[in-house]
Structures are given as C-alpha cells and as structure tokens.
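Shared chain: subunit A. Partners: subunit B in the first complex, subunit C in the second.
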Partner chain A sequence: MRIVVPVKSVPDLVEEIELTADETGIDREYLTFVLSEWDAQALEEALLLKDAGGAQVVAVGLADDPEIDQILYTALAKGADAAVKIADASVAGLSGPRVIRTADRAALLAGYLADQPADLVVTGVQAADDLDGQLPATLAALLDLPHVSVAVSVVAAGGSVTVRQEFAAGRSHELQVQLPAVIGVQSARQAPRYAPITRIRQAQQAGGLTEVAVSPRAAGAGLVVRRMHRPEAGGHAEMLTGSAGNVADQIVGLLRARGLVKG
Partner chain B sequence: MNDEVSSNVMVLAEHTGMQVSEGTYELIGKARELASALGGVTEVVLLGRRAVAARLDGADIVVSVEHPALEEYLPEAYEQALLEVLAQRSPRLLLMSNATIGLDLGAALSVRWDAPLAGYVSALEIDGGAVMATAKILGGKVLAEVELPGERGIVTVLGGAFSAAAGQLASTPEVVDVTPPAGLDALRMSLRQVFEADGGDVDISSADMLVSVGRGIESQDNMEIVLELAGALGVPLSASRPVVDAGWLPKTRQVGQSGLKVKPKVYLAFGISGAPEHLEGMRNAELIIACNTDPGAPIFGVAHCGTTVDLFDLVPELVDKIRG
Partner chain C sequence: MTGPFSLIATDVTRPVFEGIGPVGRAIFYAVAAVSTVVFVWGVWLRVRKYRMGRAAQRWPTIRAALGSRLRTVGSGASVAKGNFATGVAHFLIFWGFTVAFLATVILTIDTDVVRKASRLIVGHQDSFFHGTFFIVFTFVVDTMGFAFLLALIYMAVRRGVRKPWPLGYGRADVPAGGYSRKRLVEGDWLFLGLLIVILVTAYLLTGLRILGQHMVWFTVFSPFGRAVAEVLSGLGMTPAQAVTVHGVVWWVHAALALSFVAYIPYSKAMHMPVDAVNLLATDRSATLSLPAPAAGHPGYQEISDFTWKELLDLDACTKCGRCHEVCPARTAGAPLSPRDLILDLRQWVDTSTGGITLLDREQRPGRTGPLAEGKGVRIAGDVIEAATLWSCTTCMHCVDVCPVGIEHVPTIVQLRRSLVDEGTMDSTLQQALQNLATQGNSFGKSARMRARWTRELDFEIPDARKQPVKYLWFVGDFASFDERLQESSRILARILRDAGVDFGLLYEAERNAGNDVRRTGEEGLFEMLAEHNIEVLRGAQFEEIFTTDPHTLNALRNEYPRLGASYKVWHYTELLAQLLENGEIDVRPLGYRVTFHDPCYLARYNGVLDAPRRILRALGCELVEMPRHGADTFCCGAGGGRIWMDDGFLTERPSESRITEALQLDVGQFVVACPKDVTMFFDAAKTTRADDRLAVRDITLLIDEAMTRPAEPGMAGEPTV
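Take a look at the complex of A and B:
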C-alpha cells in the first residue's frame, strides 16, 4: 500500500502573528513556522499503518513552504520511506508573504497524485491558517475519491480501510471506506513518535528529498480577503496583576464572593 | 436541474436520530436574517429523517431526501444528496456547521458545486448585496474579513456564533421532497457501527466550578499540581483536547466542540489558548478566569478575568490559599 501524507508548516501560534502592511495576509518573513499539528497526527497514523502491515509512506510538501526541508527530514527520521517536495513555481501568486490558499495547495497535490497515485492519502483534518476550506475534502473532490474527515483511527482491511470518525460529545462512527481514499486525521491512535536528533541529522546527510514539478489541477473559485486584523487585545477581560501570590489572593476573593470557597 | 440562482439561504440540518443539533437552530436563525436581506426565504435540507421536519419550524421550506444510506450521517451519501439538492434548488448560500459534517463536506462541495467557501466563520452579513464573512483563523489570533464573490457560496460557521432562539419559531414549513440520486446506491463507503459516548466517572457538564487545563501544563507529571487544585476546591478537573489526546485525562473530561459543552458558575482555565473549538464548549460559563503567559491568547477574548502569571507559580499559591 502506498500512503501519501501531505504535510505543511503553519505559523507557531505561541508567537504574535504579524500581518502584511496592506492587512490582507500574514507576513511570513517575521514568523516561526512549525509542522501543522494535525499533519503530525496524520503522519503518525500513516506510520502506525506501516508498522502494522507494511506500507510505503511518502511525505509530500510544497517547496515554497517555510521549514519544509526540516519537516520532511524529520518525517524520514520517524520512518517515512520517501519525502517529496513539489516545486510550485508553476502556479502564479503562490510565493510572497501570503498564505497559500488551500485550493491552490490541493490543486498542486492533485497534480502530483495524478502522476504518482496513492492507495491512501492521509493528512491533517485542518491547518491553523485554513480559510477557504480544508485540504482533505478539497483534494478528494479534485480527484473524485471517497473521503472522511475528523478521523481518530485508520486501520487497513484489504482493499479498504476502517475509519473511526468523531462527532461532538464523544460520539463516533466506524466506517468502511474503499481505497483509494483520502482521510483527514484529527488525532492518531497514539501520540506522535519522537525523532531523535541524530536520526534527523542522518536523514539530512543522506539528502533523501526528491523535488518534482507537477501540472496542477484547476483550482476553484476563491474568496476575496478584504482585511485581516487581530481581535481587540484582551477583549473584555479584566487583567489581574501583581505577584503570583497577589493574583492568587484576588482569584480566591472572587471565588469566596460566590460562595465557592469557604472561609 | 435549475440554472437560475435563487435568493434563498439554505441550511444543512444536523441531527442524531430525531434530535436536532443546537448549531442547526443557530444557522437557521442567521439564514432567516440573511434571506430577508437578500429577498429570499430559508430552506433547510433534511437528509434521511423526514419526520424531523416538524422540529425545523424556523424554516420556510424543508427540502427532504429519503434513502436508507442517509439514515445516519455517512459522508459520501450526504455529499451526493446535497449535490442533488443544490443542483435542483440553486440557493444563493449554503450554511453548514464548522464541526465534523462541515469539515467533511464543505470544501468538497465548494469544488463540486463550484462555489467559494469561507470556513471558521463567526460573523456573517449581506453588505450591498455582497456576502461578507468574518473568519477566525490561526487559533483565533487573527480575524479575516472576506467576501464570497459570485452568485453562490458556502459558509461553515463556528458553533455558538449566532443565537439558536432566532432559529426556533412557531411556524409550519412546507416540505419539498427531492428524489434521491442514483449515486446513493453505489457508494464507496458504508457505516459499520455507531459508538455512543462513554459515561464518565464525573459529569463535567453539571459541575458548578471546573478547573480546566491545557497544553501549557506540558507533561503528565505536571498534571499533579492541577489535580491538587481541583482536589482542594472539591471540583472536577477538565481539559482541552490536546491534554485528552495525550492520554493525561479521559475523553469525558474534554471541553469543546468534540467534547462536552459546559456552563459552570466558574471556569478556571490554565494554559489553554482559547482556540474556537475550545471556546465553543465553555464560552457561556458565568465567570471565566484565565491564566495564560501569552497576553495575546484568544482565551482573554472571552474571559472575564485574566492573568499572565505563569501557571506553575500561580497554581501552588492557589492551593496554599484555599487550604488556608
């Protein structure tokens, strides 16, 4: 089974997000980028499928994504069999400060998958910078493949996979999905494995990244971004300041006033 | 097939058996407002359970498709049925939840119905005939104001963004039946089993106060300090999704979109950023007190009181003072 795992980087949300001067995009230049957390879960689920019954796992990113080399070498160090970068110069408007639209990303990946078909595509259910929809369903629609999102378990079963799909309040469905298919992973069956730094270095030295050019599928109608801005700082929260002891006194005072702490 | 675009606003009803989700009513209420601005009416798509129509009284029209494959939610079956409904009814806008069903179908319909999609939407209005949406992206740290150009569009909406009361009216909608498309008999997936939620040791949704912990706690070992605080207060410990995914607390303690909705008198949040999916589960708490070292954390947008003191300094102090 050939499993393709599209991966991408997103701004590290621990930092303040810088916007472009015209306020229609995020300014990639001043941000730290990390692997999208849901892609990390998808990669883990793919590696679990490989561990269970043998599969070839291929991590795929766009050459224009920040930190993509590091992300792909880490995937190799964790056990991916191959790592591919899609050269995206062929699509106008992709580079520069703006986030790549999910529709454009899907169009490139669909082009790649048309050349190099997969039995199974697993990727993150969403990414923090999605705006025009999520990758799994967009990609599946372009390729006319069955798809399931918000998966919390994917297990191989002959020419199909058994997928657990999660809903609110802990309800879930078990689905049988024919391959080829696209699955959007919410969380893997176990926490993503750790890649020792020495293994990442080995992968880097071995230089196992392949770069490919593809002809993208046509991307759908897009949104017009009028403006991006940060929500009002602090919103309506009253900030409690002082030492930890001071702040604790104030919080305990609030709880006492409501009769939730005695004394 | 109907080539003429109507001015109607369509909502996909989400229901578990006969139970209609709260989010469906939130969408219907908003759809009514948008439809009146556009000069159209509100249509609600109801798949697999025609009898639920009686509970969709905020709709002007209920569009029903009946087929065995639609009895429970099944992604491919819903997608096929919706494409058929969209082709026949040509609404101006389709509204869906930004939860599992919207994440599953929204983007696929955007490609296949050829309409722009705005996701993670928290505000929506018609401005001079144009559809304008505000999306919460980057974990709620950025708001994007977008226009959906063209003659039709799809919007997936965050839970709790609009009022559910506005979608619950005493009226009797007209029910229009749409013949199920042939594709429903040749699906590439099937439903094998439905799992209901496990009952937990404690019901966090009925607690007066919750101590809630997020990824800021960093490790399982550190859970000890928040457990101690919850113990000192005599209240349950709840958590954001990553803490549950890591296996540090059971699923029954998860607050948010894919966990439980809670409305305690006090919600104490430690190391929780306030992603939209988390806020959905706790924003209606009477008093929200948030501790987060990042002054820009979106949790402060819903908290009544906040502090940027480190949780590892604050929590032990709280334990000491409560134990007295």
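Take a look at the complex of A and C:
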C-alpha cells in the first residue's frame, strides 16, 4: 500500500505574529516555521499503518513552503520511506517561499497524485491557516475519491481501511472506506514519535529528497484576501495585569469569589 | 651472615613440607596444578569479556595515575573515606592478604626455584629461607596475618551482627514476580568465611608445628603462632600428638588455600585485581564531559558497544551500597539505584558472555531484567528498564562516593541515547526537546524573546556581538524565560552595573547551552545547540564568560572545549565574591542565619565551594551548614533533564527531602545559587508547607538587599519568588 502524506509548515504560534504593512498577510520575515500539528498526527497514523504491516509511506511537501526541507527530512528520520518536494511547474522561475492558498495547494497535490497515484492519502484534517479543514475535502474532490475527515484511527483492512471518525462529546463511529481514499486526520492513535536530531542529520546527509515539477490539476477558486485582522480582545475578557505574583493573587481571588475553590 | 640476628639466628629455618613425604608432595603439586589451571581459565573468561569492549582511551589516565592512584589503592583511602572503621579493617585485610600472597611467592621461589636450580647448577641445595631472613619473614607474616584475621572477624561481625541496611541488597524497584538476592549474600559469606577458615587453619598449623618442635626458642618470632602452641599445650596436647595432628591440618589448610586460588576469578575475590586496575583507569572527567556515542549507531545495543572500562566497572562493584545510600533517585522512591544498575548489567553481560560465577547472582521467577535472554533483548529497555534510566538526575554523587572508581553516569547516558533513538521518553521531555530544537529553549518561547527581561531595566546592557566587553554573561534558559526568575536576572544586572563591571549579552543569539540535553541522551540536539552557540561566541567580543546557571557553566567549561571552544568561564557567585572582597560592592551586614544549598553542577562537578560562602561571609550572614553540603551536597532532583520529566511518581521529591533537612537547622533562609534551584525549592517549600518559616532566596537577592546604593539607599526588596 502506497500512503502519501501531504505535509505543510505553519508559523510557530509562540512567535509574535505581525501583519504586513498592507494588512493582507502576516510578516514572515522573522517567523519560525514548524510542521503543522495535524500533519504530524497524520504522519504518525501513516507510520503506524506501516508498522502494522508493510505500507510504503511517502511524505510530500510543497517547495514553496518555508522550512519544508527540514520537515521532510524529519519525516524520513521518523520512518517515512520517501520524501517528495513538489514545485509548481506553472510558475517555474519564481524563487523563494510564497504564500499558497489551500485551493492552490490542493490543485498541486492533485496534480502530483494524478502522476503518482496513492492507495491512501492521509493529511492533517486542518491547519492553523486552514481551520475549516478545506484541504482534504478539496483534494478528494479534485481526485474524485472518497473522503473522511476528523479521523482518529485508520486501520488497514484488505482493499479498504477502517476509519474511526470522531464527533462531538467523544462519540465516534467506524467507517469502511474503499481505497483509494483521502483521510483528514484529527489525531493519531498515539502521540507523534520523536525524531532524534542525529537521525534527521543523517537523513539530510543522505539527501533523500526527490523534487518533482507538477502542473496543478485545476485552477483554484479566485478568492483574494482583502484584509487581515489582529486578534481582538472579546468583550467578556478581563485582562489581568501586574507581576506574576500579583496576577496569581487576582486569579485566586476570582476563583474564591466564584466559589470554585474553598478557603 | 651479618645483621642484628646474626648471632642468634645462624641456622634457624623450617621445612616447607613439614612431615609430608614424596607422595604427599606429588599430590600437592598435582592439586596445585589443577587449581592454577582453573584460576587461569577463570581469569581468561574475564579478560575475554573485557576484550569484547571498545577502546576506552584510558591508557593515558592509567599512566598519569600510577603515582597518586596507586597510593589510593594501597592506602584504601577511597574505602576509608565513607566509613573509617571499615576502611581500617579493609586496609589490614588488603595488606594482610598482600603479605600472605608475597610470602607464598617467596616460599615458592625458595622451594621450587632456588633449591632446585642450585642443586642442578652448583651441585648442592641452596636456600635463602633461613637465618635473619627467616626470622624477619616469620615475624612479619605472623603479626600481619593476625591483624588480617582480626579485621576479617570485625567485617563478619559488622555484616552478621550489626547488619548495615545496604548490605541486605534490597532493590530500589521490585520487579513483577519478585526477586531473590539470597545468593549475593551467600557469595559474600563464602568469600569472608573462606578467608577466615584459611587463616584459622594457618595459625593452628603454626601452633601445632611449634608445639611439635618443643617450643624451640626462635619460635618467639611467631608470637601468635606460639600463643596457639601454648594454648594447645595447656589443653594437654603433647609434642608427639601435635606432629600427628599437624599432618592432618596441613592437608586441610593446603586444600583450602588451593581451592581459594581456583575460586578467585569466579567470585567476589576477583575484586582484588579488578578494582586495582579500575581505580587506576577511572576518570572523573568522563562524567564532567561525557564520552561520544559508540561509532555507527547511537546508544548501546550490544555488549561490544561498552568500552572495556565500562565492562570492568561492572565487575568492580563490591556491592558496598554507598551509591545506593546517597542516590537522590533511590532516596525519592524512583526505580533507580546505581548499585542495582551495575549489578543488573554485570549479571546480564556475564551470563550472556558465558561467564561463570559462584553464587552472587540474583534469582527471579521470570526472564526479566538481568535474567533477560535471547535475541532482540534491549539493554536499555529490557535489561535496564527505561523508567530506571530516566530516573537519574546525573548528580554524580554515585561516581564520587564509589570507592572503586565506577563511573555510573556516563553508562546511564549511553543507555539513554538508545532510548532517545527509539523515542522512548516522557511526553513532557519530548516536548521540551522539540522546543529546544525549534526555538533553542525548553520553554517553547520564541527565541526572539530571550532578552525581553532586559526591557524593564533603566539602562541598556551592551550587546557583545556589536561591542567589546570584558565579561560575556551567558544567562541561560531559566534566568531568561522563567517569570519568577527574570527579576533576579535584572537585580544581578543592576548589581554588576553599579559595581562598574563591563559586561554584555548575546541577546537573542544565545541558545540553551545543552548540558542537560546532552545528559538526556539527545546527542544530536546537543551538537546542534553547541554548534550554534560556539558560532555566536566566535563572533562576539569578550575576554571571559560568566554564567548564572551551573549546568551551563559545566557545558561551557567542560563540554565545549572538546568542540574546540575554550574560554575562561566563571559562575556569577565567583564574580560577585571577588567584587565584594575588593570593595567594588558596598554592603551593610545583614546578620541573617541562613543555610546554603550547593548545586551539584557547581560544587560536585566543578569544585566551586568557596565563592558562595565568601559572599555570605561578606554579607555578615551566619551560615549553618546542612549535613549534606559542599561536594557531598544532595541533588535538588532537577538535573540531567529530570526538570522536564514528570516526578509525580516519587514518594518524596529530593527537593522536599532537602527542605526537611534545612528545617532541622533553625534558619530563616534557604540560599541558592542556581536558577533551577530557585524554582525547585520554592515549590518544595510550598508542598512541605515550610514556606512560612523558610524563605528560598537566590544569593543575588541577599547582595541586593545589603547594597547601599547612592540613588536608592537601604532595602531593595523582598524575595521576588
């Protein structure tokens, strides 16, 4: 079974994220980029499928994503069999990372998957910049494949997979999905494994990244970001200020006043 | 013949084979040959095992140690250090055995070389075993032998009657299904008992011979042997009877002595040669600056990954239990005891390599831990459980108290490298390591925020990347990012500014120095952090470095030079002590009664004991020492990456045990000199409900309080934590 895991980088949210001068994007100059946490879950689930019995796991990223080399080498260090970097053949010649909309991302991935079909595509159900989880669904639509999102377990069962899908309040149900299929993973069956730096460095030295130029499968919808907004404090939030000790005292006072703690 | 005894001792001697005929002699030599073969085979089994190990680069250590370390071996100083009475007894046993051994060698040379060779060469039998030599020999052997016997009896009484608890050999962790270390106890008694019986029969033999010789005058030079003869005679034994009994006892003694020779390499007796070598080869600096991983793959997967020194360490253990007693993990109820670790590895390595051991092995119903066998057994994970390896705080107390030079910590880290490689770790540790990989700090905060604590200062600290400074302050993660500690960092900055110290920072270019990262076994991450820091240090302009954190100090002082970056590195207490004594900082006496907690990485690792005490003296504080202080300090529990792991399973956190210790002293303040200590002990004082009686304070805050600044005279603040 060939499992393709599309992965992407997102800004590390511990950074102070600033908007660009025209307020249509975020200032990416000093940001640290890390693997999207849901993609880390998807990769783990794919590796668990491999551990359970002989799948080939291919991590796939877009060449235009910042830090994508590092992320793909990390995937190799964790046990992926191959890592592929996709360049957009239609914009060849452009250099440097650029912001890619989810629709364009899905189009590129679909282009790659049309050339190199997969039995199973697992990717993060959402990302910090794709909170409504469009990628897996769009990708499935472009490839005309069955699709399940918010998966919390994917287990191989012959020519199909058994997927557990989570609903509100911890309810879930199991689906039998015919392969090939696209699965959006909410969380893996176990916490994503650790990739020791030594192994990542070994992967880098071995240079196992394959680069392919791909034509997008279909043009993305023509949405344009008009303006981005800074986080706004909601009307009900009370900001506590002062030293750490002072703030702690205020919190204790509040908890007591509301009867949440005694004494 | 000349010398003091020449007049009286012209031709005194004794036959070695007194009353033993040619057949008897032949039997004796045959048995001796068998015993020698068994001995040599046993030694070969051991040597074969050590030869499986990697090179350890310890020959220079051994050469350098030959002077001083041989003295340690001969004086037994390392044994006496922890327990004086045992040390004296061991000293007597050591030299008693050595004398007995040399005496045997001398007799063998005389009997089997000199006499036989002289008969062949000069035609008549010559010997040096008579006259003055015989008298001196007899006296030395008789008196030393008796001291040897008394010391053995003392050890037997200690073991059998006083029963020190570590010699019960209870494990720190009880494996599922239980275990028995009965055979370890039996093995010890066999060793001790054999020696006692051999000595008792030796004196009986001497007494019988002296009585048989009708108490000939020169036997006064065997005072204890002669005393035995007097007793036998007093009991009514005649010289003739003595000669008869002698013939029997001679064989008993000979059989025991030859058995002992054969027994040595299969038992605790092997500690005699092994520990002498181990003490010569031991190298403390291998714990300060850890060894590189075995080439080829990280961690230890097979016996050949161990160095020969590490394999020798395993056999060197005499089970004395000193490490077991002091280990903060064991004390806290964690599954780690350094002694268990060494004994488990020893048993597993020995059985896996076809070693033969009499008794001295742990028994279990299942094939777990040291009894694990078969293909695919993981040394880190099966032989030694992951939880055991993760319990170590790398405080180095075990290494320092070990009387025979075992280096537990480097072995533990090597095994942790296997765990890291397969990703077996606490989720909190994994998170910390990932944070360190992406942002260079364990807090997971943006690397750009590292110097944000300086913003609240009313002056700017120079950026050592842009302008030359005398001192570079390597601040460290905790002092930079922990909100409870940032105020202490600002206070230290103000003190140094006011004292006119020329210092600067690396600002956001600084990364965690990697000391504790290295000790978790994440070697690649350590390399990455160190490479980054070294590159930044090379681009900065400074003369010397000082650190807030003793762990950082250790990395910069002991680990970075191996990577080609050698700097003069101070701890901030060393700098402050000097400023106080030079009068650069003006203070009024505080008059507090305080105790001081020595950080492991400052006191034990780097020998910085005086600086904090000099500061307290300059501040007019009365220092009341805790029982465990200085280089014998007790770990707070945070070292070796433990600060990033869950400690909820411990019965009593080391930091809580430490606060309880301080509470006995009737002091108001618990002074520390390490940022991690502030957080550890502040929490421990709270959980032990001692925070109303005992304030945990960084030594910086005391100086600040005592400083009389022109602009802001008097008190500069309450403890901020």
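As a convention for this text, the second predicted complex is superposed on the first by the 231 of 263 C-alpha atoms of A that agree within 3 Å, B and C clash if a C-alpha of one lies under 4 Å from a C-alpha of the other, contacts with A are read in each partner's own complex, and residues count from 1 in each chain.
Here is the rule we go by: a contact is a pair of C-beta atoms (placed from the backbone, for glycine too) under 8 Å apart; a residue touches a chain by one contact, two chains touch by 3 or more.
Since the structure is predicted, the reported quantities are computational estimates derived from the model, not experimental observations.
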Which superposed partner A:Met239 touches (first subunit B, second subunit C, both, neither): first
First, second, both or neither for A:Ala157, with subunit B first and subunit C second: neither
Touched partner set for A:Ala206, first subunit B, second subunit C, both or neither: neither
Contacts of A:Val34 with subunit B and subunit C, given as first, second, both or neither: second
Which superposed partner A:Pro11 touches (first subunit B, second subunit C, both, neither): first
Partner chain(s) touched by A:Arg258 [first = subunit B, second = subunit C, both, neither]: first
Contacts of A:Ala52 with subunit B and subunit C, given as first, second, both or neither: neither
First (subunit B), second (subunit C), both or neither touched by A:Ala191: both
Per-residue touch tally on subunit A - higher for subunit B or for subunit C: B
Residues of subunit A that lie at the interface with subunit B and also at the interface with subunit C: 14, 16, 191, 243-245
Sites on subunit A touched by subunit B in the complex: 10-11, 13-14, 16-17, 19, 26, 102-103, 125-126, 128-138, 140-142, 146-150, 162, 164-178, 181, 184, 186-187, 191, 220-241, 243-245, 247-252, 254-255, 258, 260-261, 263
Touching residues on subunit B, where the partner in the complex is subunit A: 16, 21, 72-76, 99-100, 103-112, 114-120, 132, 135, 137-150, 156, 187-198, 208-209, 233, 241, 245-247, 251-252, 254, 257-261, 265-266, 268, 273, 287, 289-290, 294-296, 298, 300-310, 313-314, 317-318, 320-322, 324
Subunit A residues touching subunit C - in the complex, by the definition given at the top: 12, 14-16, 30, 32, 34, 191, 193-201, 243-245
Residues of subunit C defined as touching subunit A within the complex: 298, 420-421, 423, 425, 427, 430, 433-434, 437-439, 444-449, 483-484, 487, 522-525, 527-528, 720
